[in-house]
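Same chain, two partners: chain A is paired with chain B first, then with chain C.
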Partner chain A sequence: MTKTKKKRECGSLGHYFILFILPALIIYLTFSILPFFFTFIYSFTDYSDIKIKDLDFVGIKNYLTVLKTPLMKIAIKNSLIYAVVLTGFQVILGLPLAVVLNKKLKTRNLLRAVYFFPAVFSSLIIGYLWNFILSSSDYGLINNLLHQLGVNTVNFFTADRALYSVIFTQIWQWTGWAMVIFLANLQGISPELYEAAAIDGADGRQQFFRITLPLMCPSVKIIVVTGLIGGMKAFDAIYSMTSGGPGNATETVMTVMMDKGISDGFYAVGSAFGVCFFIIVLLISGLTNKLMSKWSEAIG
Partner chain B sequence: MRKRRIRQVSRKEQRKLWITEMIMVVLAVIWFIPVYYLIVTTLKSPQEATQSPLGLPKVWMFENYVQAWNKMEYPRALFNTVQITVLAVAIIVLITSLAGYAMARTRTKWGNRFFLLFLAGLMVPFQMNIVSLFKIVKTIGLMNTVWAVILVDVAINIPQGIFLFKEFIESSVPRELEEAAEIDGCSVIQKFFVIVLPLLKPVIATVVIIVTLNVWNEFMTPLLFIQSRENSVILQEVSRNIGQFSTDWTALFPMLMLGVAPLMLFYLFMQKYIIAGVAAGAVKG
Partner chain C sequence: MKKKVLSMLLTAAMAMSLLAGCGGSTDTAADAATDTGAETGAEEDSSTSGEKVTLRMSYWNSEDTVQALLDYLAQAVPHVEIEYQFIDNSNYDTIIDTQLSAGEGPDIICESPGSTLRHARLGYLAEVNELAAKYSDAGTSVYSLEGNTYALPGISWFEGIYYNKALFEENGIELPRTFDEYIEVCKKFQDLGITPLAAGLKSWEPMLKNSMAFVTAEYLSTEEGKSFGEKYRNGEITMDGTWNTYLEKWSQMITEGIYTTDMTGIDHAQALEQFATGGAAMFCSGPWDYEAIMEKNPDLQIDMMPFNGTKESAGWLIGGPGCGFAVNEASANKEAAMEVLAAISTYEGQAALWENNQGGSSYLEGASFDLPEAYTSVSETLAAGNVYCPWNEWGVAASAHETYGTEFQNYLLGSQDLAVTLQNVDAAVAELLSK
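For the complex of A and B:
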């Protein structure tokens, strides 16, 4: 019975199945899967801009180079800090923002639009804008205001601060994004739950921790996973604000990959670095999935 | 007596709500300062920008825009960006709706295997492959063409597109409708374009919005694949000119403004749909 049903369903598309997926498959194979395999292959060869033909197999030499190069270790560390801090603030600020903007405020649609606004634009341009706002020259908005108030000016781009200054601008840009996704989740929670809790005498705080937070698990998971992976890929804002400097203070995985892997022509090492990057991304998503399901078990 | 208490509570609630609203409005104003600063600075002279950075411009300097417009070769850059975005979005909608439909309506092992293959793309950041992508694009002769950017951007967005279309078709497109069309003698292709596609409007809107934002704001693929100035996009023009004229303060802000203006207009008119689209895309993706 089930067998005949299966056959009929398959027959309802028949060879059209292949025809329909073919265009997507060809582009996906050429520009996603093929490069993925080549990255692995190149990472075990001596491919570079001075040796583009007759590649030799060099074992794990490139991976050792990645592990031994201080610049690459700094880049991985910075990307991790960037990803964790940015994602943390997206959740810590975005969640309460969503809860408040889910209340019956008169201006809530306008407020949502304002908080989401920066997320529409390219991080590159947002980076340039904040570069001027935080600049130490006469023109920098914040230092200009500090100066007018008679307070000492601050250099936001010292080796210690630069990374966090960039992260700060990205929190400004992406909190509204998280808010929108939290809001979508909140709107799916039945109001009856809150009514029942109110009858049982639960106050606002109890309602938030006992009802809202546990039911927000799915959207928190989305923000944490996409935020961490997006943070690891950070490039545009760094490119426009610090270009990796001062020194190596704000180098991230992608700035190093562009410099070493493309501009300087260390293709094989760049590929090995790419594979390491992939493994880190896999570890992060595996780990967060595990932690998040533990969390939902603990409160559920 | 009881009624009065309820009214008191609700009045107290209302006051609380009003205070919350005031706080949120003040916060929103602070949140918006950088954007306001961007807009007013574009119209000021350098002296005025330093002396009163947050005041409204006394004399409106529209020449700033004329200069920026010319330096960026704006019409050409805008055309390239629009061309890349429109073509990428059109291709994505067409090919991922077809593929999503095929996989939603086929319950064979192969349907599922292909679906998993596409879905795996969500876990692989394309950035890890830039070295080999660079090589592939060069080998097939697409280097320094808009098509390199279009095709790679399409590939990046294929997994999410397929996922959204398949999900939507499985949950909201009734099979009975298609069966009826089949009895009436529709071919499979007719069935898809005449019956199914019009029903996909909500998910098409979601995909269009997400992919438009992704492609318009994508900086790394043009940076990698477009070297010549006549093919470059708005973001490249912004970064090139800001690098070159980093001392000419007032020339830079109009460039940033011209850089975000098209999306700003898009957001002003489509705000409700954009917010809904982003939420729908993320919650399901």
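For the complex of A and C:
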């Protein structure tokens, strides 16, 4: 018995593919696009926990409230510091780490696993863990060690230090993740380029800056864009470690939005916060993409 | 061929799992139908067929804090089965608000005074006037709106200052009777190299309660200050300009180094640990922490003292009716829910509720319980009825007490002066009242 393969014309399977993407599309529309659409609508109404029906159109009143909220300035500043410092350190530490762990070391698989391990946990768990480590009570791990060395208590959660303490824990958690992305990119660089460079007399430093770094552009772009967006959306680590405090020292856009929009019941103002935040993130993403593209072009 | 067999097997397995899934959902649907049936036609069902009515009850405290009550209700209202739903305090209001706005939600809701008024205004709660008449006004007034009461007060909560009896006795230190004496006691402990007060100032709560207790003793409990809460919620008075003098005096807690900036790096659990293991002489908290303290150090001898003002008195505790039992107006089992509330509004019901909340007191007329030994030093305070929670009087702006605590963290850290601190609280209250 001979099999005859049915010939299909190019593009004739299109309707099957529509069926395949339909479940994901429905979920995406239901849980992302539709809520955003409603958020946008609500931001122009007087929706609150004591007015949930018969909403009135209030124009841009909620947007003016957002801009007038004194905390907004602190929140945007903190979110930007958080996003830029975290992303910067992810690149600065993750890139050399990936280069080192791409070499033929006996322990490289173990080390890769060790550095990546913190990224497996939720930021909430990491936050609670570091909360204990950094505590200024006698039971805080670091302060306990300092006391034994005769050093006075160091409070890692003062108004000046708290934000950087949280950022430090996040660098610790996410550098390994950046390293893995960089490693994947590194392994895609042809070894022949290094061989040719070595023949031409390039040393290790020159090879890194002339070959590795320029060709790492795609992964750096991914880390920078996702890092900045993720950093701007920072909530869980802040929530578990400082809850925005002490005072308002570590308030971010998301914590203010949660407090004002959800906890205090100003749903419409919260929606306006969300839309403003969306625009800010969109601008940052666009700007980053443009800068990174220019870098790619310059290398090319 | 092998591939074909494997793919057929996989397809068969998928089909089976789908069928199993459908089977499961049918069962669930059947269960749900039974539940809905129980909810919609509860009274007929329970009376005719003897079937149990399932009521959902939500609370921000874990089930063990009301276990005795649940056991009692199982006997007192045998045709009702309570499905207890614990929702963490940080998400409680958001979840309940969402459910109620969708016309759903638990049949019996534990409400704070602030959320009761908000939900009552939106028509989510059934009035409980008849049962409320069995309770004292002090308990029901915070749950009342326009002549109707919408929740029944549970056992009161209170917070005072736990102290390590051994540290006081060994060092010959007497219990303070005034605020100035309290500062002196703290200084004595400091001189002895002992931390006077363990405080987790990473949270906004400790300074909120401590400072408000002082203002209560000095001003809110006086004839002049008694109407402050009412005026404040009506927008007729501000904190800035009224509380400044008292809080300037209270600020000795900061200037004398009892509250320090280092404490902003300590959370509540770590402060509790410090006190329980003898690292500090005092710790502000309430009965809910008693078991945790004793678990950490069963040999610790503790008692509780009240907060004091500048004049000698029976002292004050921060507290009041915390959880109020309310009935969802949209509940299909309203009558059964009212039966449960009626069972709670008996001496036996209050005793069962008190069982897991020892130390608090009941607002039910004629229901009083013995005070555990750990609260001997506040017996006079409790007997005088000196338990008060200022923000319970702020109506829909009650949630601004969190802002008050946060602003006091800023004050402690030196980011702002007292006037700005109070102005910020006033602004937050005004914003909430404007809704």
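Annotations for the structure displayed:
Quick note on the criterion: the second predicted complex is superposed on the first by the 277 of 300 C-alpha atoms of A that agree within 3 Å, B and C clash if a C-alpha of one lies under 4 Å from a C-alpha of the other, contacts with A are read in each partner's own complex, and residues count from 1 in each chain.
Keep in mind that, in the parts below, contacts are C-beta pairs under 8 Å (C-beta built on N, C-alpha and C of every residue); 3 or more make two chains touch, one makes a residue touch a chain.
In this text the structure is predicted, and so the values were computed from the model without any measurement.
In the superposition on chain A, A:Ser219 contacts chain B only, with no contact to chain C.
After overlaying the two complexes on the shared chain, residue contacts for A:Asp236 are found with chain B alone; chain C is out of touch. Of the two partner chains, neither chain B nor chain C is touched by A:Ser296.
Between chain B and chain C, B contacts the larger number of chain A residues. Of the two partner chains placed around the shared chain by superposition, chain C is the only one that A:Thr153 touches, whereas chain B remains out of contact. Of the two partner chains placed by superposition, only chain C is touched by A:Leu134; chain B is not.
Of the two partner chains, chain B and chain C are each touched by A:Ile262. Contacts of A:Asp49 after superposition on the shared chain: chain C is touched, whereas chain B is not.
Overlap of the chain B and chain C interfaces on chain A comprises residues 132, 138-139, 262.
Chain B contributes residues 17, 20-21, 24-25, 28, 31-32, 34-35, 37-38, 46, 49-50, 53-54, 91, 94-96, 98-99, 101-103, 105-108, 110-111, 114, 117-118, 121, 123-136, 140, 151-152, 154-156, 158, 162, 178, 182, 188-189, 192, 213, 216-217, 219-220, 223-224, 235, 238-239, 242, 249, 252-253, 256, 259-260, 263-264, 266-267, 271-272, 274-275, 278-280, 282-283 to its touches with chain A in the complex.
Remark: chain A residues 6, 9-10, 12-14, 16-17, 20-21, 23-25, 27-28, 30-36, 38-39, 42, 100-101, 103-107, 109-125, 128-130, 132-133, 138-139, 141, 144-145, 172, 177, 180-181, 183-185, 218-219, 222, 226, 229, 232-233, 235-236, 239-240, 253-254, 257-258, 261-262, 267, 270-271, 274-275, 277-278, 281-282, 285 touch chain B in the complex. Across the complex, chain C meets chain A through its residues 93-94, 97, 101, 118, 121-122, 201-204, 261-267, 270-271, 273-274, 279, 396, 399, 406-407, 409-410, 412-413, 415, 431-432, 435. Considering their complex, residues 48-52, 131-132, 134-140, 153, 155-159, 162, 242-249, 262-266 of chain A touch chain C.
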